C-alpha cells in the first residue's frame, strides 16, 4: 500500500494535564479501575449533568491515559469515527478518525450519548469490544490491532431511550456498566461551594430547590435540575444577581415552557429564599 | 499536521461599529452582563420580531466583542458550523466554520432559532457549553480550546416548538435564560417614532391595533403583530400612503390568509383611524 | 482571504430593455413604489397566471433596476441562492449565487413561489429583510452588506399552501404584501386583444367562458382559467383553428382530466360560440 | 466569465433523417402545426403505446427541427436537464444539459412522462413556457434566451396520476393539449400489416383480441393491449411461432399475473383462432 | 466533444466459453430464438432457483453472443447502468456502464430481478425497447444507436411483487414473456444426478421432499425448495454427511425459522429416509 | 483498461496465526468441513454471544485460509463490499473492497449480521453463491472469477428479524445452515474457567444465574446472558471485585433498564452467592 498515513502527532493534546475535581459518590473509581485492568468495555449510565463526563476525565487523569471524547449524534457516520481519505497535492491520503487514533495510541475513547449515533457507528465498535480487539478499516484495507492500553467507554442515558432509538442487545452485551445519579445533598453542596465560592447556607437552599424539582420528574418535567445548573445559579449570585432572579434565570426558565410547571417551580424558589 | 489552516483575517467585519438603538424593557442588560462575566451560555426566549437580535447586537457593541450570527435551519450540518476541507492548487486545506472562528477569536456566537437545526448541530456545541470550553474538530483531528472571551448565545421561540422539534433536555440544561416579549405600549411607541419619524398620535393608533391583534394569538393567529411590522407601516405612512392602506399592506395581509380573521383585523384598523 | 471571487460581469443581462406591457388594476404601482423607497421587502400574493411576474418585470423597468428572478422549488438549497465553490486549474474559487449577485449589484431579487423552497432558503433571506440588510456567506466567511438599491420581493399563492408547506410566521412578518387577482372583464379583454390581435367580440366570448370556469373553483377545479390560457386560445384562433377546437385545446383539456368537469366546460364553450 | 462552454457540436444527431411512419387519426397534425407556429407549449395526453412518441418524431421530421427526447423519472434533477460543471485538465467547464441544448439550437424538446419527474424539473421549465422564453442557468449565472425555433412538448398519461404525483396546476396552465388514444380497428390493422408484413386476416383477429382486452381496463387490467404488443405478436407469427403461442407470449403473459384474468385473456385468444 | 471514451476492450470476458448444462422443459429455446431474431425484448418470469439464469447463459452460448448480467437492487441508479465520468491525470473521461457496453458491442443484456431497481433504471431502458433502439447518454450528450445484435432480457418473479414494487404497465408493455417453474420430477432427478453424481434412488427421495415442501407454499412457506438446494443436499451426502443431517442443513434450516413449519419439514425428511 | 488496480499485498494480516480456543458442542466442525469441501455457502444461525464468531475464526485456522470479517450495518453500500475508485497524483485507481479481496485471494469471507445490510449488499453476493462463482465489478467493468478456495459465510440471528428486515427468500435459498445456541452448563463452565482462571465452584454459580436469566427471554428480556458477559464477570471477580458487585456490574445493569426485571435478576444473584 503506497499511500501515506498521516496520524496526528500531537497526541499530547488528549492528555488531561491537571487533576479534574471529582467527588466520589461510591466505589466507582475502584470498580472502573478493575474493569480497565481487564480492558472490559464500560458503559456509564445516568441522567444529564450528573457528572459522567467529569468522572471519565478524572479516570483518564488517574490512569494517565490520553482521553478522546466523541459526542455522538444521528448524522455521525462510521467514517467520522474511523477515518477517511483526504486529498492534497500528492493525491489522496488516509486520515485516521478519532476512534482509530484512540486504538492506535492506546487512549481511552469515550463515546458520549452513543445511542444517538446511527447503527453503523455502534456496529463499527463491535470488533473492538470482544477478544479480538481489532478495528477493520475497510476502506483502507487495514485490520488494526488495538494498542494494549486502549479502552472503550460509552455513556447511556436510560431516560432517553425510545422504541426507535435504543442500543441493540448485541451491543449492550459487550459492556459492563456503572450507574450514576445526582450526588446526595451533602456532596452536591460541597461541589457547588468548591466550584463557585458560594456560602454554604445559600448552597443548601439551592439544593433544596433542586430536590423539589427532581421529585417532579415524570410529573411534567423530563429531567431534574442538574448540578451544572446549580453551579450556574451560584455563579450568578456571586456576580451580584439577587438569588431569586438568578434561580429564575438558571433553574426555572431553561427547564420548562409550561406555565403551570413554572409557577410551581417559582413558588419553590420563593419558599426557599 | 502539514496542512495549512486559513482563518478569515478580517475579524473586524464582525465588530459592531456604532451603537445599535435598543430600548431596555427591564434589567436584561445587567443580567446578560453577569452571565457574560461568568461565561454562562445564554438562551434568549421570546416571539418573532420582539427585539432579540437587536438586543444581542447591542450587547456585543456594549461588551466590545465581535458578533457572529448564524441563522439555523434544518439543512444545516455540523460542518457548516465547524468547518470543512476545501481544495486549492496545493491540495485540500481546512477552513474554519463560523462557530470555530468565534471560538478562536473570542467572539460572541449567536445561534438564531437553534431549534431549527438538526441534532448534530446542537450536540456539536455541548463541549463548548460546559467547563471544558473545547470544540472537537474531529475531521481535522484538533481539539480547540475556546478563547477566554468566547461566549455562546442561542435564541429560542417557545411558541414554535412541537413534539418533533424541541431542544433536548440535555441541551437546555447547558444554558441560563432571559425572556423577551413585545415592549409595553409606551416603549413601543417610542421605538416606532424614533425609527421612522412618525407623529406620536398615529403611532399610538398603530400600537392599539397591535394590541388587539396580539389578543387574537391562539384564537386564529399564530403570532401577534411584531414591532417590525409596525415600523414598516409607519414608513409607508411617512411615504404618503394613507394609514388604512398602509395597515392593510403591512399589518393585515402578511399575517393571515383566512377571510374571517382578515375581516376582524380590517375592522380593527377601520376603528382606529 | 487569497481566493478570487468571480462575479458575473454581464449584469446588463438582468436589465429589462423595453417596457413590459402591464395593465394596472388598482394603485399597485404607487404602493410598490412607496415600499421600494423604504426598501420594505414585498410579498406578491395571488393565483397562477394573474400577472405577478409581469408586474415585477414592469416595476423593474420602471425603477430602472436589474431584475433577478429565481423560481423556487423543493430541491433548491441555500447554496443555490447564495453561491458555492467551484474548481478551475488554480483550485477552488467562489461563485456568487443569484441572491448574492442581486445583493451586490443592487438588483431587485424576485423569489417566485418561495413557499416551494426548503426552509433553509427562507431562513437564509432573514438577515436581508430586517434593518441589518446583510447576507452571511458562511461557507466563504464573508458578511455581505447589501447594495443600497437592493430590494427583495417574493410571490406567494395562498391557494397552494398546505399544513406541510407554508411560510413560517417569522418569515411572513418580514414582508408587506400586495394582492393580485384575475383582471376584470374589461381589462382582460383589452389584454387579450393587445397581445394577439383578436377581434373584441371573440375576446369577450373567451372571457365569458373564463368567468364560468372561475366560478367552478372549489367545486371540482383547483384553479380558474388564467389570462395566459386565454391568450393561447386567441393565438390558435388567429392561426385559423376553429374557436371551439381552440377552446378545447387550450382551455378545457389542460385544466381537468375529470369527465364530468370536462363535459361542463365543453357545454360552456358550445354555449358561447 | 472565463470558463469555456462546450456545446455538443453534433446537433445533426438529433435530426430525424427519414420520415417516421405515422397514421393520422384526426386533425392532430394541423393542430400541432398551429401551436408550433405560435410556439404554444404542447401537452400530449394518452395511454401507453398509443403512438405519442411516434407522433412527435413525425412532427419533428415534418417541421425539419432537431428533436431532443428526455425520459423523465423521479431521480432526475434540474441539473440533468439544464447542465452541470465537469472537470478536465484545465479545471471545470460547463456542459449544457439536453433542455439547454434544445433551447440553444432551436430543437423541439420532448419531456416524456414529465409527471414522473421531481418538482424542480417542472418548475425549471416555467420561464421557457411563458412570454419570457428564457432559461436561467443559475449555477452558471447565465440567463439564456431560447432560440426562436425552440418548442417545448410534454407527454402526460392521465391514467397514471395519483394524489401524490400530478402536475401542479401552475404547470398545466402553461400548455395547450392534444389527446391520443388507441387507433380505430381499420387504422390499427393497417399499422400492424405495414410494420410486420402479416396478412390482413390474422391482423384483424389480433385487433379483435385487443378490443376485448381494452374493454377489461378498470375491471382487473390497468391498461389495454398496446399497438406495440400487437406488432410483437405479428412478428413472432411471421417467424413461424403458432398464433396462439405468440399471443400468450406477447399479449397475455406481459399484461397480468392474475390467474383469473389470464384465463379470460387466453379464452379470448382461443376464441379468435 | 474532446473527451476520450474508454470502453472496456476485453469484451471476450462476456463470452460463454463452454456450453452451460441446460435441460429444456418445453419449447422455450425455439421461442426465445424467434424473439431474438426479431429483437423483441424478453421477460423471463418464474420463482427463485428454477433455472432462469442458467437458461439465459445457455441461450447466450447457443446464439454465440456475449452476455452481460446485471443484478438489480434498490440502490442502483441509472448511472450504474449507463455510465459516468471518472477522473484521471488528464481530467475526466466517460466510462460506459454495463447497459451501454452491451448496446455498443451487441451483447445480450440480462437485468436480473429488474423490479428491485428504482424507476429511473426501468425508464432508462424504454428507448432501447421500442423501434428506436437508442440509449440517451444524457450526461454525455450522446444518443447511442444500439448494435444490431443487442438484445434486452429481464427477469421477473411474480411472487415477489407488492403494491409498492411492481413494474409499471408502460414498462411491461415493452416485453414478450416466457414462464419458468420447477422442472418435473423426472427432469429434476436427472439434473441432481448429473450435477452431483448422486445415485438415482436418493435423488428421487430428495425430489419427493421438495414436492411436499412446494405444496406448503402459501401455507407458511414463502417459496418452495429450489433445485439449487437439492443440489447442495446431494453434494453434502456425497461428502459423507448422513442424508437426514444433509437435508436438515440444506433443505430445512435455510427455509424457515418457524418451529411448527420446521417440525413439518423434518417429519417429511424422516418419512423419506 | 489502463488503470492500475492496487490490491492489498499484506494478505497475511488475514491469517489466523494461532489456534483460537473453541469448545465443540456437536458435530459442527465436520459439517462445516463438508460444506467447505463443496464450497457450499454457509449460514451460521444463533443468538448474540454464543460463539459464532469464535467458530468461524477456529474454522479459518483449521482450514488454513485467510479470514476476512465484515460487520454489516444498514448504511453499508455495495461499494463498501466491492470496491471503489480513489484518487492519487496519477488520477483515479480502483481499490478492491473486502469481498473482492476475499474472492481474489481465496479467503473465507464472513458477513456478520448480514440482515442488517441493505438489499444491494445481499444482492451483490448472489453471483458468488451459485455455480457461476463470479463477482461483477460493474463500476470497473470487470467480471471477477472467484479463487477456488474462496468461501462465503454469513451469520443470521433469527430472534432479530422483523417484518421490515429479513433476508429475501431468494437469498436464503443460496445457503446451507448450521445452528448455534448457548453451550450446555458443563461446556460453558469449562469455557469460563479456561478463559479467566476462575475456580469451578464460582463458575457454576455464574452459570446458574445465566440459566435463570435465559428462562426470562420473552418474558421481559430480549436476549439471555451471553457467555461473553459471564467471562467479564469472572474477570472482575479475579481482579478482587466481590462476586455480587461483579454480577450487578456485568450481568444485571447491561441487560435491562426495567426496575422489576432488575429486582428479579438481583434476587437471583443474591440467591446464588
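As written, the chain order gives the labels A, B, C, D, E and F, with residue 1 at the start of each chain.
In this section, a contact is a pair of C-beta atoms (placed from the backbone, for glycine too) under 8 Å apart; a residue touches a chain by one contact, two chains touch by 3 or more.
Protein names from UniProt, one per chain: A, B, C, D, E, F = AAA family ATPase.
Small disclaimer: the values here were computed from a predicted structure and weren't measured.
Looking at the partners of subunit E (AAA family ATPase) and subunit F (AAA family ATPase) together, they share no chain. Copies subunit A (AAA family ATPase) and subunit B (AAA family ATPase) of the same chain sequence form an interface built mainly from non-equivalent positions, shared numbers / all numbers used being under half.
Set against the Cα centre of subunit B (AAA family ATPase), the chain with the most distant centre is E. Taking each chain's centre as the mean of its CA atoms, A is the chain most distant from subunit D (AAA family ATPase).
One finds 51 Å separating the Cα centroids of subunit B (AAA family ATPase) and subunit F (AAA family ATPase). For the pair subunit A (AAA family ATPase) and subunit D (AAA family ATPase), the distance between mean C-alpha positions equals 59 Å.
Shown for subunit B (AAA family ATPase) are the residues that touch two or more other chains, namely 87, 89-90. The touching residues of subunit E (AAA family ATPase), counted against subunit F (AAA family ATPase) in their complex, run 6, 8-10, 13-14, 48-49, 53-54, 69-76, 80, 86-90, 95-98, 101, 112-113, 116, 157, 160, 222-223, 225-226, 228-229, 232, 235-236, 238-241, 245, 249-250, 253-255, 257. If you check the complex, the residues on subunit B (AAA family ATPase) that touch subunit A (AAA family ATPase) are 1-3, 27, 31, 34-35, 37-38, 40, 43, 45, 77-78, 85, 87, 89-92, 118-120, 123-124, 126-127, 130-132, 136, 138-139, 141-143, 158, 161, 169-170, 172-179.
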